[in-house]
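Take a look at the structure below.
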Amino acid sequence: MSEASGLAAALAGIASLKTAEAPDAKSGCQGLHTVGREAIVEVGRVFREAGYMLEMLTALDMRAAEQAMHVVYQFNRFGAPDRHRVRVVVPAGEAVPSLADLFGSANWYEREAFDMLGVRFDGHPYLVRILTEEGADYHPLLKDFGVAPAAAEEAAGG
Amino acid sequence: MTPRTFNDIFGNPYLAVLAATTVIMGYLTVNALMIIWMERKVAARMQRRLGPTERGKFGLLQSIYDMGKLIGKELITPTHVNKGLYLAAPVLVFAPVLALCSLIPVSQSWVFHDYDIALVLLLAFSGLAVIGIFSAGWGSNNKYSLMGAVRSVSQTIAYEIPLILSALAVVMMAKELNLYQIVAKQEGLWNIVLQPVAAVIFLISATAETNRAPFDIPEAESELIGGFHTEYSGMRFGLFFFAEYSNMIIACSLATVLFLGGWHGPLLPGILWFFIKVYALIFVMMWFRWTFPRIRFDQLLSFSWLVLTPIAIANLFVTAVVSKLV
Amino acid sequence: MGRIKEIAKGARSLIGSMGVTLKHLKDEPVTVEYPAERAPISPLQRNAIRLIEKEETPGSHNCIACLQCEKICPSNCISITGYRPEGLAMKRPETFDLNFALCSECGLCLDVCPTATLGYTKVYDKAGYTRADFFHDLLEEYRETEEQVVEHLREADRRKKAEREAKRKAEAEAKAKEAGDAQ
Amino acid sequence: MAELIQIASDEDRDTFYLNMGPQHPSTHGVLRLRLHLKGERILSAEPIIGYSHRAHEKMAENRNYIQFLPNPSRVDYLSGMIYSIGYCQAIEKAIGLEVPERAEYIRVICNELNRISSHLLWFGTFLLDLGGVTPFLYCFDDREKILDLLDLVSGSRLTYCYGRFGGLVNDVTDDFLEGTARFCTAFRERLREYDRLVTQNVIFRNRTIGVGVMRPELAQQFGITGPCLRAMGMARDVRRDEPYGIYDRFEFDIPTRTASDCFDRYLVRIAEMEQSMRIVEQALAKLPDGPIMAKKIPRKIAPAKGEYYFAVESARGHFGMFIVSDGSEIPYRIHLRTPSFANLSTMRTVLPGTLLADTVSILGSIDIVLPEIDR
């Protein structure tokens, strides 16, 4: 328990961090936070020092509603889950500091988020596409990246 | 006791050479095809499969169809290879095999050639194949092939030593380098009884010399794809393939000659006994292959230098002392 | 000495391994020689869909062209056009095409079918050279009997209607009687 | 952290680059490893992925929750049952749907059978990487029996779409129950045989013991999960830590080892197969009668606006689904957190310093399924 309260105290020390009240059990998380993008490295360091791993990192295209991308970090510890989802709201087209120096897994996760949704990460050592082809000029998981209707696909495929 | 050689039988050296070449070529071709069939069947049965069944009875003709396929294939020469080495390699690998076969005494009554130093010649020639493998690897101008070739050279050198040392123990006992005489002296008591350690070392080294699994690291398809023969196709690849199986025959024949008493055996004619023993040994080699995972390269070398060679030397030493005392 | 022991232990383990393969050498192979013999397939095995013959519509399917399966299909491999025959309450399919090349055999179409007329074929090894080989016309086998079935359905509809009418009449009569009794 | 591969200068003649893959016998799919080698020793390694990217996440955004059902099992085709049922469980949790008892038990049986089949395939291909062909075929023989069993209930052999929101498609038959019990008995015998054929084998031991050691700090740094993590000595398993379905009702151990080398990862998986059989046998004994579909299933599957995260233990580790709903029938975003993605990303720190032959066994030992990484 002291570990968790230590973590809470450390998180409380970060100015721009807002923690949501008692998350719903359905969310699968024990803590939901929002943080300014300049503080995300600090947040990452707090979690890393508390022995948490970066379980998941992804981005959400929220440009339609709020002209911004959400980068979602999910930290968890080994054992009984204590999952913290940290959200960073980034205005579309701007970059987020990279966590690649703190977490090895962030390296690929951030590359994936960049590849899929075009979120750039400042200070990433090797921010190139990871899943789609080299030199592509699209980010397929953006909402305005359309899909070809099945019929057109069929015609193209022969 | 001296056997008749082909020279005696035909009375003409040129005719003898021609006849020997024909017989050996014919034998090697049929043998390679049959061993391939046998290998596939043995492997299949060990893995609870059926193996080839479609062509001929029990799939006996399958290998012939496969050979037809290999011959019918276009010979592709990649543009980046060193042409000379690349083209020479399959021949270089296959040629020593032919020469070696003529030295094996298969029967009590006749041999192809009867040399007094046949064993030395045999061991010397068997080392030649590695030149072919190396030129294949180097000439292919492919990183995987090169690694396969490098591995092959160091492996051959490493295993030649225990192979020769274990053969030497037999030579010491027989006081003879003539293979026919070595066999003749084993009448009644095979060398394997007197030299079990040498026999085991010889079999292991021979497996390694022929690049058979678990010592097949020059090819190592899970690491090096095909190793030295990655870039070969069609019958050029086929020659490598034939050479491997023919080498098996030679290694097993030599083991039979040195340790299993060659043609000696009750009831059946000597030549039949000889082949029974050879194919039994080949079966053991196949058994190895389909049971064991591959040894890692560095472990392979240290196994040779740190385990097999010291044991072979100790065995040789004991043999020397005992044969002096007896 | 330890080294020799180690070597001996290693050799023993190798011989143990060889024992396993030798033991299997005399075992019966497990291979099924496929084109010549076929392993039994699961009764639930999912393959291309077909329309099953239903007892309500002897000799034919009971598809009502509700397009539920077309809508649910994640791969858009079903396309149906329906028509309403004269004097019938339900629609009948005019075309029912399956593009099996796209199908992922998820079985969602069977789940949603209200008349349970969709089933799986037992053909699991169909091969073809072009995509057109995988267009299945599911109505093919039933086209001949279609008119008969429509007639049968009309008959059934009429009968049902008559029954319903009779029932209503009976009910009304009963009600009237009841009302009469109550008075 | 991320040492990038610098192109060697002309003077650097001792080293060379080797592209292992995308077409290579032992990269288990289309993985490319860009290796910097000195002789056979690896100086640096960079896995390059994405060759089998099929845009499952994009597909999710273009179809409704029901239509996404066939997809999860195709993400990881070796533990397709676990993925497919995991997805159902995630949505059931999001919309608050109760699943009947019988369905829950059948789900557990199928999941664990699938886990065994996945581990068996891994076992076979791992030995194939090491050059042993025969165990591969024995494993496939055993795996075939599991596939037959799962085919009996689900109708598919590999990419199952067996789960539905609120239950399952088909009920199990007596054939299946008997067959499963028979399989468990027969398979125990087979495991003893594998022990003699492989585990005791000195060549195999030499190839795996002490090879590919993952330092424990990598676990936190990279978020390693699954058997790779348990081989590091951490008894972590989603089934135990945050039980989903009815996994809290079963008794099973979480096998762990401490050396974290290839051999330990191998032993952990073998022990896991035994534990899975234990679970299967308990579930078979307790299997209740009853329906297999929930009574009231909403016609529209539309979780309330919000974000959901649900994790299951796949054969390779922690598989998480991050579902963002905007309240409609079509998911706003489904992100799949696949275990192999994290496990493979450790390779650039684990591989340097090892031999080329070890690369193959290390890659094999972490049990990667490329389509699951690329999604």
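Some notes on this structure:
Letters A, B, C and D mark the chains as written, and numbering starts fresh at 1 in each.
Going forward, a residue touches a chain if its C-beta (ideal position, glycine included) is under 8 Å from a C-beta of that chain, and two chains touch if they have at least 3 such contacts.
Every value quoted in this text rests on a predicted model; they were computed, and no experiment measured them.
When every chain is reduced to the mean of its C-alpha atoms, the one closest to the centre of the whole protein set is D.
More inter-chain C-beta contacts link the pair C-D than the other of B-C and C-D. One finds 61 Å separating the Cα centroids of subunit A and subunit B.
Rounded to whole angstrom, the centroid-to-centroid distance between subunit C and subunit D, based on C-alpha atoms, equals 30 Å.
Note on chain placement: the centre of subunit A and the centre of subunit C lie 43 Å apart, centres being C-alpha means. Touching two or more other chains at once is no residue of subunit A. Chain contacts: subunit C has residues 14, 17, 20-21, 24, 30 touching two or more partner chains. Shown for subunit B are the residues that touch two or more other chains, namely 46-49, 290-292. Interface residues of subunit D facing subunit B in the complex, by the touch rule stated above, are 16, 18, 24-26, 40, 127-134, 137-138, 141, 197-198, 201, 203-204, 206-207, 355-360. Only residues 7, 14, 17-18, 20-22, 24-31, 33 of subunit C touch subunit B when the two sit together in their complex. Residues of subunit A touching subunit D in their complex: 24, 26-29, 48, 51-56, 58, 60-61, 72, 74, 78-81, 83, 85, 100-101, 103-105, 107-108, 116, 125-126, 129-133, 140-141, 143, 145, 147. The touching residues of subunit D, when paired with subunit C in their complex, are 63, 66-71, 74, 134, 138, 141, 144, 148, 151-156, 159, 161, 164, 169-170, 193, 196-198, 200-203, 205. The touching residues of subunit B, when paired with subunit D in their complex, are 43, 46-49, 143-144, 147, 213-214, 216-217, 220-225, 290-299.
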